[in-house]
Every structure is written in structure tokens, then in C-alpha cells.
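Across the two complexes that follow, chain A remains constant while its partner is chain B and subsequently chain C.
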Partner chain A sequence: MLAPGGVLMFVVIVVPLAVALYVSLLDLDQYTFRQWVHAPFIRLGNYSEAIQRSNLLHSIRISVGYATIVTLATLPIGLAAALATQNRFRGRGLVRSIFLIPYVLPAFVVGTVWRIILQPDGIAEHTLSRFGVSEDLWLNGPRSFWALVIVQIWASWPLVYLLALAGLQSIDHTMHEAAALDGTGWWSKLRYVIFPFLRGPVTLAMLIAFLHNVNNFTLPFVLFGVPSPRDVEVLPVLTYVEGFQNFRFGVSAAMAVFSVVLIAIPLAAYLRAVRLDVGQA
Partner chain B sequence: MTAKRFLFALACAIVMATPLSACTAEPAAEPGLPGVGKTLNVLVSANSIYPTQQKQWFDDVSAKFKTQTGASVTFETFASPNDELTKIQTSVLSSQGPDVYSLGTTFTPTAYATGAFVELTADDWAKVGGRDRFLPATLGISGPDKQHEVGIPFTSRPFVMAYNTEMLKAAGIAKPADTWDGLLAQAKTLTTGGNFGLAVAYGDSFDPWKFIWAMSVQAGNPLVNGGKAQLDQESTLKAYQTYLGWLATDKVVDPAAAGWKNAQAIAAFGAGKAAFLPMVSATSKVTLDKSSVAGKYSYAIMPTIPPGATSLPAGGVAATSILSGDNLVVAKYSKNKDLALSLVKMLTSAEAQETYYKTFGELPTNAEYAKTLQSDPALAAIVDSSGKASGTPFSGAWSQIQLALVNVVVQSVPNLAAGKVDQAQLKSLVAQAQTAAQSALDKAK
Partner chain C sequence: MKRDSSVHQLLPRPLRLAVIAVLLASVLIPLCYMFFASVNSDLSVAAGEFWPQQLDFGNYLRIWSTVELGGGLVNSLIVAGAVAVASALLATLTAYVLVRFSFLGRLAFLRGLLALQSIPGTLMLLPVFVLFASLATVFGVQVIGTRWALVVTYLTFALPFSTWVMVTYLRGLPRELDEAARIDGASSWGVLTRIVVPLSWPGLIVSGIFAFLLGWNDVLFASVMTNPESRTAAVALQVFGATQEGGAIPVYGQMMAAALVCALPVVVLYLIFQRYLISGLTAGGVK
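Showing the complex of A and B:
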């Protein structure tokens, strides 16, 4: 019964990954890619070039830093939103739908709209100047990093919200009743009754969010364009530029392999924690 | 059930609509023509200014080609240079896709480097109507030399400078300067009352390198010389200082321009907020004629004397623009090479080029038709620029060099806001660009 799943996994995951690994060992560029199987085999040359002569390490730092901050910041926002909309009230359906808007908007649209907001002499600058903040450059320079963080938080917190809400729904109402009968205060109820139920879904949400943030290409690409300002030169954009602007497909594939390793670390930790990897005994 | 029914109806509608949309009304081909039953695929850039006219043009071309050869033409469009690149890469790799591509001139060297496009023999040139049917200047970026040409000039889009005639008149300036220093002096005079002398798109992904290239080549540095990158020469540093200085220290550009794309610079000029708009093509006319400066602006060629000079230095080239426009290339994998060349012949004929110019405002590459446009005073500057444009280095590494040149500007922008051009930082960025350019050139084959 494993055959269909196995074939699917082979075709969808194993084959492209193997091709990517192979390409990362070739000197593949605009001169050789027409007959790419004949491109010179250069072993780990692309990997050493990526580490020594490109901005790879800098990009990994930026990507991990930004993904971590965004993931941590979306946690309290998502949780608070889920808790706030858990109890029935008039217009709850509407509020819940509105909460999902940032999440369902395509990243391209989010990027374009925020680009207009944050551009010099834009809405952000005018609004902030009323509060005495005279910053105008959000799409380049050190503040661009924070622009990326803020926009990504705005776009991605509903994921935590959704999964936290699902977790809340799964709590049996008798638990709430029992807590009420015991005269538990709201904080104690939250801390000892609700949070333990949320640990699973929220951890999953954070893991997905982290992986999504590390892999996010569209938002930084649309917000900042290429060449990317150095402060927001995230790994996916660097990989893209190396492959599709500089035509160094081999180096680009090596960078992609690094990013696979990068996302495999938290994934492995998570799988180990929930023991999904032991399979069914 | 309702949803299912709806989906079923939708599916039916799609299935029924597909063949209808696929066969638009086209004349039946006469039997006996060489292309009967064949279809040519052509990839062109989507025209965002004239989308409806472009669709009509596609239909007209296909219909006309069918009467001539019996074959129909299917057009595909790409929205951005990145789109185009991805399409070319996948087609070249899989050896299937469009038969004919319309490529931007500066991308032609990269396309040539892939070895995926037909190098035109004398016979091939004859099939497209002869090499001499084209304006000689437009052939400057068809290949590394006459024997190895892949690009057939299709349209010419030289860069010029728009200027606000009323602002210049009010300031007592008779005409735009022909030196970059003179232009800066005029821009300073015109920066007054909330208006700025220049509208420049510092945040554009392409514009900045064109300025740096122009000023460098005018000073005698073509940036690439015999496989050696020369980005770190004094002339190029001076070009960067001048270009960045307009915003940072001379303050003749709106500070918001640090993030502008080309369209935003055009919009600022169109709103009457700037006196000069350098580095635009004739396609800006459509936007400007609908703006508040309609009837109050004119085009001139950009300065050809490099910064810091009063006359063209020895070895300098008085380039008014990069050689800009589109080339047609035929894919090697195409099974319809002769048909493809027939289509190119049709598209570059005087008659077709006239239609194209009248529909889209893009200048012809056909010498015969170009001659008739020379007398039009409204086009004088643009035609002038077309003749004085100079080709960017024909190297497969040029796209990488372009990117390296723009990167210097992108990374310098944060300092501009602080009102300075940081010399040490600029030198180090230019040195990085030089290394990147040289390493790209070293790999060129």
C-alpha cells in the first residue's frame, strides 16, 4: 500500500533534489547550460565559491535573524487574537474573517502595497513625521531590515492565530466548566488549562512560520527589488540573483542546498520532539 | 450539490470555450504555400502602454503572414526581463518553445553566449531582406562581429532627455546643456520653489548603469576592454560621484528619488516638479502627453561631454544613448527556420515598420522608412540619438556587469540621505563591482 506514496515522493521530492544536488557539482552557466549534462564537473567548487566569494554567510545571518524575530513576534499576536475571538460575540465571524485578510493576500500584493506605503515621501513617512519621527528611508539602509520584519509580521501572524484557534476549539467545554467551578483566575486558567492544549498546534505554527520566513522570496523581492540592499539580502533572493541574473546555476544550486540544510535543522528538531519520525509501530 | 453543479457547469464552459478562443477568425491559407498547416511561435515583451493595440497587432501579423506563407503566428508575451529570461532558459534547456524571440538589445550578448540562437549566414541575411535594409547603427549589437550575428534589429528605442520648456524659458535658459557639468549648473538654477532640476530614478533596477556607462564611455572608458573590466578607473568613479552627487550634495533631485523607479521619475516630471528628465525613451511621450506638462515639454539628446570636461576628451565616444531597442533572434531548435526568417523579413519591411511605429511609437530599424521620419521635427532629438547611440560591450558577461554597476548605486543610497557621497565607501563598492565584473569576464567563453 506504500507504493503510490512512494512513487509520488520519488517523483516530487527525490528526483528534483537529486538533480539539484548534481547541478550544484557542475560549472553550469550561460555558456554551458544548453547542454547541461556536459557541463564541467567541479566537485565541491561551487560550495567553496559560495562560502568564500559570495554573500552567502551574510545572507544566512540575515535570513535566520529575520525569520526568528518574525516567528517570535507573531506568537503573542496570534495567541491574543485567537483568545479574543474564542468566545461568542456579535460580529465574531466578521472579525475572524478580517483577521485572515493579511494571510490570504498574495505575497506579491502585500509587497507592492507596502512598497508604496514605505517609499520615500510615502504614507509611512508622513504618518511618522506627525509623531516627530523623521525617517524617510525604509526600503534601503539599516531600517530596511526592520521594514521587512514589520511587513512579514503583518502578513504572517494569522497562521499562529489559525492554529491557536483550532487548538482552542479542541478544548472540551467541561475543562472550562471545571476551571470555573474551582474558581480559577483568568491567568491561572490560561496558564494551566488552556496553554497545555495549545502547545502542539502553536509549536507546529511556529515551525511552519519559521520555515516559511526563511524561505520567503516574494516579499523581499517585491519590496526591495534586485540588486538587494545589503541589509535585506536574504538567502532566497541571493540564490535567485546568482541563478537567474548572474547565470551561475551551479553556485545557485549549491546555495539552495545550503538552504535545505538550514531548514532541515528546525524540522528535524520538531520531528524528534513530536516523535513523528518513529512511524507506526 | 449546488457547488458541484456549479463546478461542472464551469468545467463545461471552459471546455467549450477553449476551442472557440483558440481559433480566431483568420483567413484560410491557400494550398501550395510553404507554411500551410504550420504555426510559428513568437515571444515578445508585453506592451503595458498599448495592450489592446498589441493584441490587434498580433492578429493582423498572423493574418498577413498566413496569406503570404500559409502559416499562422502565435504570440506569447513576457511581462518583465526576468520572465523573459526564465522562458528562454526553460526553452533552451528543453529545446522546445518559441521559434522567434524578441530580445532587448543589452540581453542579446547573453543570448548569444548560450549558443542557442541561429548565427546568420549571408544566405540567412538575404532571406530577411538583406543586411543593408537596416540602419547601420542598429546592427551594432547583433553579434560580437559581422560573421557571428544572431540579432536582427526590430525596433529602436534610443534614450533621450525630456525638458520642461516653460521652466527653462522662465529661467532664461535657451537650450539644455551639452556637457554634464553644464546640465548640473542649469539644474541648480532650476531647483527652486519646491521644484527640482532633475528627475532621476535612483531606485530603478536598470537606469543607474546607463548613466554610469554613458559618462564613462564619453570619458574614453568602455568599461570592458579586451576581456578586462575597467570599472575601477578614475572616469567611472567620477561618473558615480556625479550621478550620486546630484541627489546627495548638489540637491538638484527630489530626496524621495532615492527610491524611485523609472515610472516615478516620469510621473514627477509629468507633474511639473522637475525641469529635466534624463534617460527616457520615446515611449514616455504617451504618459507625458496625458500629464500636466503636455505641450510644455520637448526632447533633447543627453549631454555627450563627460563630467569635469568641457570638450570630448581623446578616446571619448560622444554616445547619446546605449544602443537600445529590440532584436529578433531565431532559436536553433526551431524546425521552421525558413518560415521564421520569412516572418522576420515581413516584420522588418518598411511597411510593417511604419505600422509598428504608428501603433506603438517605436522607431524603425528599416533604413528606408527611417529616412522618411528624419524630417519630422518632433522626432529630431530621438532620431539624432538613435544615430549617435553606442553599443554596450558585446560580452556574455554583460548582464552580470550591469548588475554589479547597479549594485554600487543601491548600496550607496543610505549614505545619500545623509547628504554626502562617502568616497571611501564608494571606492570599496566600485572595487567589489570590478572584482565581480572581472570574474564574470574570466568565465566568458
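Showing the complex of A and C:
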């Protein structure tokens, strides 16, 4: 019974991966594409070209920087949201539902909406100018990087919130009582009683969030369009443009392989952190 | 047991209220603006006004003729729906085997399921495109541009996650149920169809919905592998950005209205199945 799902996964995942690796060694462009098997074999030529003559290293820096900042910034927000909604109060169900909306909205919708909000002379600029901030270019230039960071934070903090909430619910009743009996203040209670319990789920959330941010194509693509401003040229967008706008398929495949190297470390950490065994066998 | 005494209080009341108020505002204000802009005139959206000058629901009528949004929504429904059904069923089969039988490579398989969820889409895009194009040149079957190309592609990404959700779900089903059914003479298949599937509806729904969302939300593959007829809603929405009606101002109001329409099925699904989805999210621990 493993066969249908297992075989399908093998065919649709392992075969393309092998093709991706093979294509990254070929000089493949729109002229050689039709007979791609016969395209010239150039060994690591695409890799050295990607490093030396493309924006690859710049893109990797942007991707890692943006993913790290977003991941770290969502931690306190998600945590505060979970702590604030853990105790029962009137309307808690509604608040919790609303908190999850940014996360369930499709990224292409989030991108479209924020693109209009952040456009020159748009609502964001008007609102900011009332507070004496006169920044007008959010979708171009150096500030576009921060636009991407802010929108991704807006869309992704509920993941940390969800996992932190799950962690909070697993804390035993007696822990709260013990803290209350000791007369602990709220901050030391959090610091010494609650946070240690949350370390596991929150670490997991951070790793998932980082992987998700690094791989995110849709939001930067929709928010800025292509060709994207240099400051938000994240690796997925660069790979896409190289392949499907410049039609340099070989170089694009090499870039995609670099993106695997990029996620290797957090992925390995993630695989260690998840409880893998299913409790039998 | 009464659980909500002051003993369980985590944050002081003023701080708690402040956190909730700030977060609610940061979520709701952009959402309100989204609605306001969708009933506003393009000019006042372009001028950065928050409150709509008018309540013009005409945008919700115009979006259907400006761009083939209706066709896009139908395509998205068909593609995402097919992915949901196929991946939920296959995932249940695979997960059942992974949970109930021990065999060589089982842990590696489980680890693979998790690792595959993090594969960058850009890594798969090119080879999938190359392989589909080869089908056209070698067998004369035109795959790129059809909905089936998208269904197969999305299954690649949906299956590992759906299987993982079902694994975490089936773990919770007591083995004794299987054994009891077996004693009554049921075959493996009988146990699966008559005991496991009926008892794991919530898991099936969660893995199906996540697969659905994956298909609904994708832009990367859909932007490369569709033509105007098989275009999904996500791609159709991008077309609004390039549309201008008789002037220099983009059709902002229609973009917002169309974005709302594209988000609606997702939000409705989420609100209906919220309880299940959250358990699936935290059990799988993965988006």
C-alpha cells in the first residue's frame, strides 16, 4: 500500500531533482532547449558563471539578511500574542481568529494589497507624513528591502503565535500554582517558569519560518514585480529571472542548487528538532 | 476544574490589553483599507485616501470583464480541488503504512517527508518545465499549458506535507482498533477503508485543505506553465496590475476587489475548519 504514494513521490520528486542537477551542468538556453539532452556539457561552468558574473552572491546576502531579520522580529510578536490570549476573556475566540487572518491570506493577495498601500503617494506615505516621516519610495531603492521585511513580518508572525500557543497549553496546571504560591512576579514567572517550556515549539517555529522566508518567491515577486529592484533581488526571484526571463536555463539551475546549500543547515537543525519516530516499530 | 483564576494570569492586565489592541489594529487596518479601496474610486486610492469617498460596488462587477477572473477562479478550483482529493487519499494510504508497519528505511522515509517540504520551488520549476516540454517533443503530448501539468506539479509539494499530517494524525489512533477488526476477519485494505479512514476524517480534511491552499496560492509554477485559457486566479490577479483604463492610473479599486474575491474561498475554508486546521498546523508543525 506504500506503493502508490511512495512511487509517485519518487517519480515526481527524485526524477526532477536529478534533472535539475544534470541541467546545471549543461549549457542550456532557449536555442538548445528543444534538444536539451544534447546541449553541450560544460561541467561546473554554470556554477562559476553564477558566482563570478551574476548577482548570485548579492542575492544570497539579501535573502539571508531578510529571512533572518523577519524570523527574529516575529519571535517577540508571536510570543506576546500567545501570552496575551492564553487566558480566557470575552471575545477571545474572535481575537484568535483575527490574529490568524494575515497568515491564511494567500501571499499573492498580501503582495497585491501592500503594493497598493506602499505605492508612491499612496496611503502609507500619507499616513507617515502625518507623523512627520516623509519617506516616499517604498517599492524601489534601499527602502524596498524594509518594505519586504515589514510585509513579511505582517504576514508570518501568526506561525510563531500558533506554535507558542500550543506550547503554553501543554504547561501543567501545577506549574502555575507553584509560581503563584511562591509569589513570583509576572516577569520572573515568564522568565523562569513559562519560557523554558516554550523553547521547543518556538525553536521549531523559528526554523520553519526561516526556511519559509528564504524560499519565499511569491511575496517579493508580487510586491515588486520583475525585474525587481536590486535591494530586494532575493535568490528565488533571481533564479526565476535568470531562467524564465533571460532563458539561461543552465545558470538558473546552478543558482537553484545554491539555494539548497542555503537551506541545508537550518533544515538539518529542523530535522533534528522534530519528533520523528512514530512511537513503534 | 476552573482554569481561569488569577493563578494562570501570564501578563498584567494593562499590558495584555495593549498587546491585543496593537495587534488587532495592525491586522485589521490593512484589511479594512483593502475593503475601502475596493469600493473607492481609483483616483482617491492613488491619492492615498483612507476613507472611501463613495461606496461604489461596481468594481465587484467590473472585475469579471476586465480580466478573465471567472475563468481563473474556475481553473484554480479545478486544479486545487484535484490536488486536494488526490493528495489526501494517497497521503492516507502512505501514512497508514508508515505508522503501522515497520520496514527498512521507514525513518529515512519520514525524514524525507519533512525535508521535501523545504525544497525551494525554484529548484523544481526548471526540471519540471524541461520534462513537460520533452513530453511534447518526444511523444507529441502537449502538457505545458494544461491544468494537469499544474495538478501533477502541485502534488509534488502537497504529498509530503499531507502525508506528514496524516502520520501525526494516525499515530493517535489506537492499534487495538486495527487488531480487533483483524480478529473479526478484516483484511489490511478492509481495516484501512472501514476503520482508519472513517476515524481520521479530521486529518483527511486538514491534509486536503493544505493541499488545496498550496494549489490555490501558487504563483511561481502557474506563471510559467499556464496559457490564457488555463490561467489560475493567482496569475489572473497579476494581470490587473498591468491594466489601465483610459488613462495613467491603474485600476486600483478592481485590483483590491479581485484580491478580496481571490482571498474569500481561503478565508471561508479557514473559518469553517479552523479548529481542525490549527491542530493540523501545530501537529505537523509545518506550513
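Methods note: the second predicted complex is superposed on the first by the 255 of 281 C-alpha atoms of A that agree within 3 Å, B and C clash if a C-alpha of one lies under 4 Å from a C-alpha of the other, contacts with A are read in each partner's own complex, and residues count from 1 in each chain.
The rule we apply is simple: a contact is a pair of C-beta atoms (placed from the backbone, for glycine too) under 8 Å apart; a residue touches a chain by one contact, two chains touch by 3 or more.
None of these values were measured; they are calculated from a predicted model.
After superposition on chain A, the partners chain B and chain C collide with one another. Once the two complexes are laid over each other on the shared chain, residue contacts for A:Ile150 go to neither chain B nor chain C.
In the superposition on chain A, contact is made by A:Asp121 with both chain B and chain C. The partner that reaches more residues of chain A, of the two candidates chain B and chain C, is C. Applying the stated contact rule after C-alpha superposition, one finds that A:Phe33 touches each of chain B and chain C. By the touch criterion defined above, A:Ile42 lies against neither chain B nor chain C after alignment on the C-alpha atoms of chain A.
Look at A:Leu139: by the touch rule set out above, it reaches chain B but stays clear of chain C. Of the two partner chains, chain B and chain C are each touched by A:Phe244. Contact with neither chain B nor chain C is seen for A:Ile51 once the two complexes are overlaid on the shared chain. Applying the stated contact rule after C-alpha superposition, one finds that A:Ile69 touches neither chain B nor chain C. Once the two complexes are laid over each other on the shared chain, residue contacts for A:Ser228 go to chain B alone; chain C is not touched. Note on the superposed arrangement: chain C collides with the chain B stretch 75-83, while the other options among 3-11, 75-83 or 183-191 stay free of clashes.
Judged by the document's definition of touching, chain A residues 33-34, 36, 119, 121, 225, 244 lie at the interface with chain B and also at the interface with chain C.
On chain A, the positions that touch chain C within their shared complex are 1-2, 4-6, 8-9, 12-13, 15-20, 23, 33-36, 77, 80-81, 83-88, 95, 97-102, 104-109, 112-117, 119, 121-127, 154, 159, 162-163, 165-166, 168, 173, 176-177, 180, 186, 189-190, 194, 201, 204-205, 208, 211-212, 214-215, 217-218, 221-222, 225, 235-236, 239-240, 243-244, 249, 252-253, 255-257, 259-260, 263, 267, 270-271, 274, 276-281.
If you check the complex, the residues on chain C that touch chain A are 1, 3-4, 6-12, 15-16, 19-20, 23-24, 26-28, 30-31, 33-34, 37, 45-50, 90-91, 93-94, 96-99, 101-102, 106-107, 109-111, 114-116, 118-128, 130-131, 133-134, 137, 152-153, 155-156, 159-160, 163, 167, 171, 175, 188-189, 192, 213, 216-220, 224, 234, 237-238, 240-241, 252, 255-256, 259-260, 262-263, 266-267, 270-271, 274, 278, 281-282, 285-287. For chain A in complex with chain B, the residues that touch the partner chain are 29-31, 33-34, 36, 53, 119-121, 136-137, 139-142, 225-230, 241, 244-247. Against chain A, the residues of chain B that register as touching in their complex are 82, 85-86, 89, 92-93, 110, 113-116, 203, 205, 254-259, 396, 399-400, 403, 406-407, 410-411, 413-414, 417, 439-440, 443-445.
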